[in-house]
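The following pair of complexes shares a single chain, chain A, combined with chain B in the former and chain C in the latter.
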Partner chain A sequence: MKQILTIALGVLTAIGGFMDIGDLVTDALIGARFGLALVWVTVVAVIGITAYSEMCGRVAAVTQRTVFDLVRERLGPRVALFNIVGSYMVNALTLVAELCGVALAFELATNVNYMLWVPLVAVLAFLVVWRMPFEIMERLYGVLGLALFVFVVAVWQLGPDWGQMAHDVTHPTVPPGEGTPTYLFYALVMLGAQMTPYEVFFFSSGVVEHGWDRDKVGQIRVNNVLGYVIGGVLAIGIQATAYLVLQPRGIQVAHLSQTVLPVVTAFGQVGLALVIVGIFAAVFGSVLETLLASGYTVAHHFGWRWGKFERPVNAARFSTVILVTLLGAAGFALTTIDPIKITIYAVYLGVLTLPLTWLPILVIANDRRYMGAEVNGRLANAVGVVYLVLVTVAAVAALPLLIATKGGL
Partner chain B sequence: MKRLLLFGLTAAVVFGACVGPSRTDRDYRRKVANTAEAVISAVESARLTADLATAGRAPAPYVALRLSESEESAAAVETGFAAVQPPNRELDDLRTETLDAVGAATEVLARLRIAAYRGELHELREIALELEGPVGRLRDLTKVATS
Partner chain C sequence: MTDVLHAGLDLLDRQIVDRDGELVGKVDDLELTDPEDGPPRLVALLTGAQAYGTRLGGRLGGWIVSAAGRLGGTKQPVRIPFELVEKVGPSIRLSAAVSELERVERVDHWLRDNFIGRIPGAGNAPE
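For the complex of A and B:
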């Protein structure tokens, strides 16, 4: 029973890790604009992030060392430095988007401008990171984030034509009035939103910090597969509600308040209350994850003392990186930059950096000196190589598509 | 060479995202259609919110926020379109027609927002009915790119 509960809580954490402001915005935006024509990207992304996370978790459990520590040792400090600079920048930009996301959730509930909430959210994140125990922190937002499943239930409530939906999912086409480059641009946006490396840095660091060893590899796999698959179902639910309510009316998503409109249509005020709780929990969880992941990447590379369990005074440099990142992100969020645009650009830049972390992990997971008997099997390698090619092609195509479509116009 | 390449890439990214002036008839018509689509999005979003509010299915703070955002979106699109000059005199009438339709829609959106902030949620559906006219004109304008 205790084992089942532990796995269930781990799965909840993985679901919470999958769903963030990037997902919420892009799923609704894409559902409203392209219907269900990009659901296949979610399927591709779920398989990819599951494989990636499983490899990182297994590497961390077997070696008891973190990803960037191993990357520096295996590939040398220059490659590793390039790697962490890219990862840190994307992480920090994602943190800006997540801070704005939580503030926007407060704005939905109160109609008080989100900018006034940003400093409060930053203070709250600071207090939780410094004061709340790791496990409570992970599980609290995981459980509350389940409220977002109101999107999935709303699909039923809205009474769709299931046959038409199945057809649209299995026969994806570029909608009239949209160009193929724009379709591909948003396919990459979705990929970036759903294959976010920070989740994996956070997760693999947690494996080391919890002291999980090779006996826990099975549990890591179960957590990953179930958590990300359920997260993927949730993402498709958001796309489907936008497809059912927003697309027929020609509504393009430019605000978070529009993302929740289908749920309000289906369930009224109760639906809105649930969805706000869900958004707050999922996105605040992501604030904590991106914040800690920023500190982890830098501290692991330079070999500093690190960890949520460490008192700040004992891991001063790690804590300083986190604090400076939080202050910088909050400051950037307060520059009145459009929070939805920053979200789209953050997930898009994530696509550019995916190969930087994918390749080293694949190399290390294949190295018997580190992994011993837990080295990648044929399936893990086949998936790993296919996705390495995929994320590399995506990264190469990202910049030309951004320019050609003028940022998805 | 590396610096030049870096500069070129940066410039391409920065300027690639900017909205330039319309140089051709086709470009301008495309802008008209895009403007109409964007305003229709704001209007339809407001109409749905007004319906939900009148039916008591959406709380006042959310309704007020949603309607403010719809108005702001439409007003931003209007300002952006007004700043683009038509490439020739023949398109001046199209510009006027577009700005009239967008202006009419924005005016009703403003009234919706004011009513929502006054807590008059039961009146929103009736006010939203006045969007019918502007929406019809905007739908016609979405077709000018292909005409």
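For the complex of A and C:
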């Protein structure tokens, strides 16, 4: 029984890690513009993130080393520095988006402009990382985040033509009025939203911090697969509701209120309440994760003391990075920059950093000196290599596509 | 591990931990002597911003070294004598405690005393 509970909690945490403002915005936006024509990208992304998270968790459990620690060891200080600067910037941009996301959830609930909520969200985040027992928080947000399943239930409530939906998923076409480059641009946006880099390094840090070892490799695998698959179902649910409600009416997603509109159509006020709770929990959880991840990237590169369980005075450099990042991100969010655009750019730029982060994971997971019996099997390697090629192609194509489509317009 | 240590693969950029498992820093560089009557000998692990900047090289590396030199009062890197190394593995374990090593935690303590420690709720500084 206790085992089941532990697994359930791990899965919840994984779902929470998967779902963030990037998913909430891009799934709805893409559903409204492209219908179900990019569902296949979600499937592709879930397999990739599961494979690399599993490898990363296994490596962390066996060697007690985190991603950026290994990145530096394998790629040397120059490439690794380039990598952490890139990852840190993307992560900080994601933090800006997540802060705005929680504030937007408050705006939906209160009709008070989100800008007024941004400082409050930042203060809340500070209090949690400074004082709270993190594990309890993480689980609390995981449980509350389940409210987002209202998106999946809404698909049934809206009574769709299932045959047509199945056809649209299996025969993806670029909708009239959209160019192929734009379609590919949003395919990369989707890939970035669902293979968010911070998920992987947050996860590997968690494994080391909780002191999980070889014995936990099986449990880590279960958490991962279930968590990401359920997260993927949720993502497809959001795309489907947007396809059913927004696309026929020609509604574009420019605000979080459009993301939740289909749920309100299906369930009215109750739906709205549930979805706001779900968004708050999932996105606030992501605020904490991106915030800690910013500290992890830097501390792991330089070998500083770090950890969400450490008292701030015992890890002063790590805590300083976190505080400065939080202040900077909150300040940036307050410049009235469009939070939806920030979200799109953050997930898109994330694609650029994936190859350099994933390559060392794949290399170490194959190193028998480190991994012993837990070295990569054939399946993990086959999937690993295919995805490394895929994310490399995506990273190379990302900037030309961004310019060619003028940011997806 | 084999008997032969490969400086680039087995030492550089590895995590250094003290005898209690506390994180000390990275092996940012190595100090070798070149005696006339024999092969070069490894005498110390170098860590910290000065060593990191030197290793990084280029304009950025030079800038890091001079900034660290100005703030820390010396451009000399922090040395950890190789005699203190107890075990070389995925991380490098020392036989000393981090508090016994000179200069290693200077930045950390400065931030603790002047910034982090002054914010309420940061926890009491260990005496």
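Simple rule for what comes next: the second predicted complex is superposed on the first by the 409 of 409 C-alpha atoms of A that agree within 3 Å, B and C clash if a C-alpha of one lies under 4 Å from a C-alpha of the other, contacts with A are read in each partner's own complex, and residues count from 1 in each chain.
Definition applied: contacts are C-beta pairs under 8 Å (C-beta built on N, C-alpha and C of every residue); 3 or more make two chains touch, one makes a residue touch a chain.
Note that this is a predicted model, so its numbers are computed, not measured.
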item: Partner chain in contact with A:G303 - chain B first, chain C second, else both or neither; value: second
item: First, second, both or neither for A:V123, with chain B first and chain C second; value: neither
item: First, second, both or neither for A:L261, with chain B first and chain C second; value: first
item: Which superposed partner A:E73 touches (first chain B, second chain C, both, neither); value: second
item: Contacts of A:V389 with chain B and chain C, given as first, second, both or neither; value: neither
item: Touched partner set for A:L108, first chain B, second chain C, both or neither; value: first
item: Residue numbers on chain A that touch chain C, as the complex places them; value: 63-65, 69, 72-73, 76-78, 80-81, 130-131, 301-306, 311-317, 319-320, 323, 370
item: Complex contact set, residues of chain B against chain A; value: 9, 12-13, 16-17, 19, 34, 37-38, 40-41, 44-45, 47-49, 52, 55-59, 61-62, 64-66, 69, 73
item: Touch list for chain C against partner chain A, complex; value: 13-16, 22-26, 28, 47, 52, 55-56, 90-91, 107-109, 111-112, 115-117, 119, 121-126
item: Residue ranges of chain A touching chain B (in the complex, touch as defined); value: 107-111, 245, 249-252, 254-255, 257-258, 261, 264-265, 268-269, 272, 399, 402-403, 406-407, 409
